[in-house]
Amino acid sequence: MRVGLLTSGGDCQSLNATMRGVAKALYNNMKDVEIIGFLEGYKGLMHEDYKVMKPIDFSGILTEGGTIIGTSRQPFKLMRVIGADGFDKVEAMKKTYRRLNLDCLVILGGNGSQKTANLLREEGLNIVSLPKTIDNDLWGTDMTFGFQSAVNIASEAIDCIHTTAASHGRVFIVEVMGHKVGWLTLHAGMASGADIILLPEIPYDINKVVAAIEKRTKEGKRFSILAVAEGAISKEDAQLSKKEYKAKVATRPYPSVSYEIGKRIEEKTGQEIRVTIPGHTQRGGSPCPYDRVLSTRFGSEAAVMIKEGDYGKMVGIRNNEIVRIPLQDVAGKLKMVDPKSSIIREAKAIGISFGD
Amino acid sequence: MRVGLLTSGGDCQSLNATMRGVAKALYNNMKDVEIIGFLEGYKGLMHEDYKVMKPIDFSGILTEGGTIIGTSRQPFKLMRVIGADGFDKVEAMKKTYRRLNLDCLVILGGNGSQKTANLLREEGLNIVSLPKTIDNDLWGTDMTFGFQSAVNIASEAIDCIHTTAASHGRVFIVEVMGHKVGWLTLHAGMASGADIILLPEIPYDINKVVAAIEKRTKEGKRFSILAVAEGAISKEDAQLSKKEYKAKVATRPYPSVSYEIGKRIEEKTGQEIRVTIPGHTQRGGSPCPYDRVLSTRFGSEAAVMIKEGDYGKMVGIRNNEIVRIPLQDVAGKLKMVDPKSSIIREAKAIGISFGD
Amino acid sequence: MRVGLLTSGGDCQSLNATMRGVAKALYNNMKDVEIIGFLEGYKGLMHEDYKVMKPIDFSGILTEGGTIIGTSRQPFKLMRVIGADGFDKVEAMKKTYRRLNLDCLVILGGNGSQKTANLLREEGLNIVSLPKTIDNDLWGTDMTFGFQSAVNIASEAIDCIHTTAASHGRVFIVEVMGHKVGWLTLHAGMASGADIILLPEIPYDINKVVAAIEKRTKEGKRFSILAVAEGAISKEDAQLSKKEYKAKVATRPYPSVSYEIGKRIEEKTGQEIRVTIPGHTQRGGSPCPYDRVLSTRFGSEAAVMIKEGDYGKMVGIRNNEIVRIPLQDVAGKLKMVDPKSSIIREAKAIGISFGD
Amino acid sequence: MRVGLLTSGGDCQSLNATMRGVAKALYNNMKDVEIIGFLEGYKGLMHEDYKVMKPIDFSGILTEGGTIIGTSRQPFKLMRVIGADGFDKVEAMKKTYRRLNLDCLVILGGNGSQKTANLLREEGLNIVSLPKTIDNDLWGTDMTFGFQSAVNIASEAIDCIHTTAASHGRVFIVEVMGHKVGWLTLHAGMASGADIILLPEIPYDINKVVAAIEKRTKEGKRFSILAVAEGAISKEDAQLSKKEYKAKVATRPYPSVSYEIGKRIEEKTGQEIRVTIPGHTQRGGSPCPYDRVLSTRFGSEAAVMIKEGDYGKMVGIRNNEIVRIPLQDVAGKLKMVDPKSSIIREAKAIGISFGD
């Protein structure tokens, strides 16, 4: 049995823990398993750049951040394009798969990578995929690995800001990763007592944001903290077409949305605003115990699927049970925060403003 | 609206976060709410020992460990006993409830405390309870607050032991809290790469434990780590009646089960065993972000129940949705690890031994 | 004995631990001590805005970030200016000191605040000051409280970036606090294995920075990490007069120096650069144990000085012993990183480039 | 240039960081350096069990706990003994040194290991040693690597106990590592607000310990925390000869001193005492940034010494400068806590009792 393995897209915590789970379960339950690790994601598969893995490679990596086989961003939209040099990426990947006599390919990836995984499935490859992303936006699974670790880092950042904000009596914006979905911002914001949370899914009215800050001031509270997703959007901007919005963002003099929101609050309140952007730290460091358990369970199930020859599916978790979701159901869909969901209602009940 | 509030039983992380959730949601959504905090659990209710809480009391406590109103262990079995002095505990609690004109009582507690909560419900008091325990053994809810924070602490301890075990080539036992149920040991063990996990729900055969260690030695691995629940039990002892077992434990020369297991392994393998007991640290410190979100959601729902007058229930979470469970369904039941559940199967698949 | 107490300047970790040390030692060793806490730094002293502190106020704050009495930035240069409204800040502070019959004033502050402390000393007030700053740039003391905690946070950020940089094979810049001095960047950079460290005290040559990155690439290393102080400066800019440099910075289209450095590296190497700015998180959160011990020792000594009536001095630590340094020696001086010091030599020996 | 390298004695944090420092500085500054890593400490040197190290082996280990080349306890007293089998350990080590044509030997170790290092120096080997121990008890250096990381772990444990002790109103004993010296207990205790600290260097009077607890109770404080060193000793026991004391300890029915102290307090106060023993976790896990900087500096200096051929010395730090201390001055001496030192005086000033 020859199993290909790759990690694709923006890196996150628990990639190594997941690969360890897959590998340990394979070695433990099947004979003559050989694992081929492709380097730097789909790139390695395209260019036959790989490493024959040994059991020792998966030892001691449970708590290590990053990925021992590297990764690279892969925009799906470029996938089918045949370059000027005639290089057909999909054909190249299929060729590698066949030349190496792989029985299947295990792919750890987020949205774009699952799309490509599904494409490879359609092309006849045996695929098992695993839900990797700090965004928790993969359709079909309640939870992705990486998410809870990222929540921890973003929460710690807001916790730190909390003490400094309280000491100085200031308004702080902490920008949390998430261009399209707000799970990370929502959880980190709730976990760390943010007063205002702005998500891509709930366009904000700047006047309501300002009102929320002023309400706190009136109550004698000397500071306010905003957890703002990278993709937070105002009600006006939400009216624009995708193209118009893109054009508008391109001319924005600020490096990110938080500076713009901060400036508008300053103009309206006269209060000095500070912006903090934890950025890529949210993807790094050791996975938290929650993720390590989840990754181990995911990896273990992937090995069972391989043993059973049950391909074309992504491992996920639903209602606390590990499940298998057909890749065609996953590909191209996003799991977004529903503004009417109970968690939003619960957050509002304790007084958190979403600016809506 | 006058709301009584108490925290009962062994303390754990996120008690303050939960009370903050309840209080913030009450103050935000109802007029004229007054919260009475009873000191040191049911004791305060019995002896009318309380403090009138103000909004400021619940401010800034989201990340604080412990409980701002204190707690005490309360063995339910003693609850109904009327002392030599004629003091009737239940009547005393009812009297306080009435003298203070409470509309309802919010109780944060584990198994014993939920039992008492149900008793008070039967006696006609309006009760809303919340699931507190590092053991995650409350029936009716998928998750209790405190559990994930305790998993983190126990996992960190095993992580630390990992590096020292690897450096010295030793067998280490880390004893994790849990006399009756093994959720905490199971999750901490899986999260930290324990090689052998012994749970109260899966009686162990010492020879299988030894075999698992020797298998590792044969594979060239210089160390083994055992995560052992306080209530781990051997197959022989599991045959004894409760009374016989208690008698046997009483004569045990070791302060805890791990020393006994360690000694038996030493005798059989000749290897030196080290025991580490993180003990009460597992209940302490700041709650993790996961627990803070859960606590906030629980607290928020409790406030809605109070507003609706929907009493006699415990707040819980099932399939990611916050739910309300009748107290009579919760009281007296334990949610245990099922030896045939998928998580155990997954753990075994990657090579973890449960000694069975 | 009536003791005034204030925390001034940018907040940092361990302010509360230090005040606890002072207060506990005063209460323990003197009779009839009353502590007056001025709110929001010198502002509170000017405007007689204070709170009479009680022993309980100092209980349980050892591990809490921020400052329980608030702080505010105070630019010394404005200190003597009498406003259009005729308000003389120094006279106002002296008046408060006298009206409240203070025996002395304990000031926790950094450079600017020590300058003001010295001014108040010259005006006849009894001053004991304590060295607060994450920058560790106070003259006369080997170490300030807050520094090691900030090193920890900045190091954690770089650690997180390390795993993501390694996974993607990228060049990352982490901007560390420090406009004038580089201690924080130097220690965080060394602690976290930064490849290049740029400090205000060692102007960099962009070509040498680029060469250091390319050397790593040639050695097969897929990523490089730069720890860059906020005040990092190029050799050319270091030639400019203060005024010219300020003018140049003002026209810079980037929000901070790291973006500029990143852009120059991109232009010269063609590699994509990512910038991360942990920002104010470096001032927040719980103080580390090192700082808590230091703060306790500092606070304890301050109380002895008060008991002895030994005023006009800042507490410090030199060669591991707590010392007292005359305020006139401290005021207006900066302790900078010496480019020829042994720690820089040691860092260079292991291959760290300072771009010089 | 051929350099032998070994890590000896109880493991601790920052061993890898130190070896990385030595190796990076050697590779960077000398040509044709080959490093031989002996496995499991002096054992590897005796039995010619080693691994030829490569630069890549030292990459990415800065933050890793444990030691990549293993270690073993080595009681110096057994060193010269020639076994029944005629095996002369010292001769065996010298033989390996010569057979492998080593130019020098770099030894990372604590007290016992430094003694052996000195013995090998006397036997004519070129030795450079580095001060490794969580105990900080090596003579000649202000600080050892590992100490601050261990302080962090012990402090975190006490912090966790703090919240649980406060919630329940209990007396807790946390036993901190340190049989002969109390630096670790002293610093962890001060850092975490322990009320009573018992050290080997300051024999305690149980009545004074009890008095300190009762004083707190009288002041309305519901809990007390004792930080007790493994080697804490009562005034009576301190009178015994070494032999008598050993005999007494051997008959003690408790697994460690804390249980005995706890029992005596229970008898005298009637209060229930809980004991927590973080144990070997204090040696494990990732080194803290402070240790990583220190290790890097130490390692860098060791490489300079090798380049200069300046052997027979241990690297240390004094008054913040890295220094070289002749091994004969280090061997066999302990740096203990002086009961009359300023740090003890400072601790007492804030009300900490040492039971004396």
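Note that the chains are named A, B, C and D in the order they appear, and that numbering of residues resets to 1 at the start of each chain.
We take it that a residue touches a chain if its C-beta (ideal position, glycine included) is under 8 Å from a C-beta of that chain, and two chains touch if they have at least 3 such contacts.
If you're wondering where the values come from, they're calculated on a predicted model, not measured in any experiment.
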item	value
If a chain touches chain B and chain D alike, it appears here	none
Most distant chain from chain B by Cα centroid	C
Whole-Å gap between the CA centroids of chain C and chain D	31
Between chain C and chain A, distance of the C-alpha-averaged centres to the nearest whole Å	35
Geometric centre distance via CA averages, chain D-chain A, whole Å	42
Chain C residues counted as touching two or more neighbouring chains	159, 166
Chains that touch, pairwise	A-B, A-C, B-D, C-D
Chain A residues touching chain C - in the complex, by the definition given at the top	7, 11, 13, 15, 40, 64-67, 70-73, 153, 156-157, 159-164, 166-169, 172, 222, 255, 259, 274-285
Residues of chain A defined as touching chain B within the complex	20-21, 24-25, 28-29, 60, 62-63, 142, 148, 151-152, 155, 159, 166, 187-188, 190-193, 288-290, 292-293, 296-297, 299-301, 303-304, 319-322, 342-343, 345-347, 349-351
